[in-house]
Amino acid sequence: MSALASIRDLTVTYRRDGNAVAALRNISLDIVAGERLAIIGESGSGKSTLALAIAGLLPASSAVAGRIEWSGLGRPPLLGRDIGFVFQDPSASLDPVMTIGKQIAEVARTHLGLTWSQAYAKAKTLLERVRLPDPDSALHAFPHQLSGGQKQRVAIAAAIAAGPKLLIADEATSALDTIVQAEIVALIRRLVAEDGMTLLFISHDIALAAELAERIAVFRHGQLVELGATAQIVDAPTQAYTRTLLDAHIGLDAAPLLNRAGLPA
Amino acid sequence: MSPLRRFLRTPEAVAGAILLAALIAMALIAPLLFPGDPQAIAGPALLPPFQDWSLPLGTDRLGRDVLAELFHGARTSLAVGLAAAAAALAIGAVVGTLAGFAGGLVDEVLMRITDAFQTVPSFLLALAFVSVVGPSLGIVVAAIALGTWTGPARVARAEVLSIRERDYVASARAIGMHPLEIAFREVLPNALPPVLAMSSVIVAAAILTEAALSFLGLGDPNRVTWGGMIAEGRAVLRTAPFLSIVPGIALVLTVLGVYLAGEGIVETTAVRRSLS
Amino acid sequence: MTRALILLRRRLVGSVFVLLIVVIGTFLLLEAAPGDAVDAYIVSTGGDAGMIEMLRHRWGLDQSELTRLANYLWALLHLDLGQSVTFSRPIRDVILERLPNTLLLMVSATALSFGLGSALGIYAGARPGSARDRFLSIGSLALYAVPGFWLGLVLIVVFAVDLRWLPIGGIETLASDKTGLDRAADIAIHLILPVAALGFIYLALYLRMMRAGMAEAWRQDFVLAAHARGLSRRRVVLAHVARNALLPLVTMLGLQSAQMLGGSVVIESVFSVPGLGRLAQEAVASRDTPLLLGIILTSAVLVVVINLLVDIAYAFLDPRVGAGEAGA
């Protein structure tokens, strides 16, 4: 089991109004190639910061210490080519005045050197893969004509257009309705398996993560609290905080909903 | 950091404030530094600047002191700019509040009227108004206000539309306050900030419009105006271009000062609002 | 296409109503003038009381206000704007003669200000806070503060008087009998300075708007997403940020048309261009009230038409417009 990326002593500090806010403190963990790793935490835990740091999307005003080694790549990763990023709000991640077909095609064109017609053909294929109804007319549709779940499928299509090795989903389901959430989780799971991608799944919902991930990392206040296999984290957590997070999910959990969606619970 | 200190830290705002202060100083000390009628003959005609130190900027076609005219012109520009802007803001705030608060037919009618005023080019309207009633300072102010009140009206209306749904308006209604009283005592004061944020733009536009009207000969003939000076200098553009150029520079610096200082005030107070 | 038509129909109805208010309002305003066209005419040509009464009767100025308003509105429906006292010709003819020159001036100036302004705005907004951004920001503000007529005079002094590169005024060389391409070139040369004067003032506006629009667009999440997809900076700036920032500028085009018509009055005056603006000044000078009324009405119609065209263009550019009604 080789590591795709090794994070060592990563510290990220934001500067806000002259004050320094530490979002991540001395984080060290490995991302194993081909695994599905979930990063769990509440607001302010630093989980999104970790995702942005790995992708290289941190704002210019942030200070970064420590390092990320990409032994699985052998070189620094190229955004879009090696890493696909899916954002939380699908309405905000798509350009409102450009057709969704073009937004996917331009990614393919940039990284794969395709002509526009080739890129559009690839975009159509991707729309079929993400199960968007009527891909032909969808190519010429605009974001506002789609539902939230459909928009997120488009965002995912654009993220994997260039065939990246790592897919980062930053709270990709948090803005969606519960049933749609389950569908998108299933979609991500299938795509990752089909393309052999490594998945980094950021969420505040530990139950959702437990359904998807092989390993879970728990974050709190910018620090890594616990890291382990899903079964171990869920059944026998070693940290009190992890136990608190799990206990907060008594009653309504994802299992019955996933069952109804026809997915393994 | 208090707004004042934030203002002082912005170089553009400080530059604007300095320019504005210079303008106000010019306007205020004009009658002291240059007593008497600035339109009186002071020396030989078309004296170039920097030759006679009692007439530092020379004289115009009729022998009037250019520097004295410049200082007295500042009074006109400042007076018209401030008065026209105040009138435009006042009219706009009232109309916008009425339209936004009353809604329904009143809103429709007032908005159509606003549309009509916005459809006619404001300068043409001012032109027509001044030519109809006659050029005097008050009329010029009114003419400019007629063309610029629509902007504040729309902004005020938009603000009022969002304010009138708020709780303190509902409670005022509940205790039986008369709608007009609610509109003008509760709603209008809270709708004012974004309207006032437009004031620097309106003052600047008013100063430029007054200059254009004076240039075309529609300004107050009894007063010295920078626009009038530029028009006068046009006749001797080949031989004495400085007569037209100097008042223009004064106009540019004035408008620039108004704009920079005004924007500076808006920025610093707006930041404070969002922080609190 | 239906989206545009629905918008058009609704706006058309509203516009007619607005124009009606303009006509009535301006008519009443001009009625308030002490003395009328006849008085002005008499002052220059002289005449006795009998002549005054005869002229008043001939030009219908002795009837009541309401009658005259009704007559005027009726004539308008036949596209008859009345007779000009100054020129002794139908006002419609005089206006139609002068209108093309003003339109030429305005379209060219708008192309200059919008085109160059947006381009510079994109250039500045591509790197917010950079040296070129600050320079263009201050520079455009200074330009914004310049009076159009003064800029015109400065341009004349520099280019026409000192350098003698360009003509001082007029729209073409008088009595030159040029035709076709020669004439077009002649007119173009005469228009360079007036277009520059009119255009540079509004250039500042579009520059600042584009700059602000870019700054706003940069903050949108889809820009981060585009960056996350690995698109080149150039593509992000042009295809995404600028394209989104363009929308409010297109709206501004419509709003600015009214201002530019007003600005053309002084510019045409400075450069002696025989257009609508200059005609307005002449009408004011000779107290030719019907002519002034006709000019104001024509300007208002022009502004309405331009705004309608701009709205249609905007509907094409922004796919979100009218989505609710046309059932996209």
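In this document, chain identifiers A, B and C correspond to the written order of the chains, with residue numbering beginning at 1 in each.
Basically, contacts are C-beta pairs under 8 Å (C-beta built on N, C-alpha and C of every residue); 3 or more make two chains touch, one makes a residue touch a chain.
Here the structure is a predicted model, which is why all the values come from computation and not from measurement.
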Study note, to complete from the structure: Farthest CA centroid from chain B: chain A
Exercise for review: Determine which two chains are connected by the greatest number of contacting C-beta pairs.
Suggested key: B-C
Point to revise | Whole-Å gap separating chain B and chain C, where each centre is the average of the chain's CA atoms | key: 22
Exercise for review: Take the average of all CA coordinates in chain A, do the same for chain C, and state the distance between these two points in whole angstrom.
Suggested key: 52
Practice item. Just give me the whole-number Å value for how far the CA centre of chain A lies from that of chain B. Key: 54
Check your understanding: How about chain C: which of its residues touch chain B in the complex?
Key -> 14, 17-19, 21-22, 25-26, 29-30, 32-34, 138, 141-142, 144-150, 153-154, 156-157, 161, 255, 258-259, 261-263, 265-266, 269-270, 280-281, 284, 287, 292, 295-296, 299-300, 303-304
Review point. Across the complex, what residues on chain A touch chain C?
Key: 55, 57, 78-81, 85, 87, 89, 92-98, 106-107, 110-111, 142, 144-145, 155, 158-159, 161-162
Revision key, fill the gap. Chain B residues touching chain C in their complex are 12, 112-113, 115-116, 118-125, 127-129, 131-134, 204, 208, 211-212, 215-216, 218, 227, 230, 234, 237-238, 241, 244-245, 248, 251-256, 259-260
**Study point:** Contact set on chain C toward chain A in their complex
**Key:** 220-222, 224-232, 235, 239-240, 243-244, 247, 317-320, 323, 328
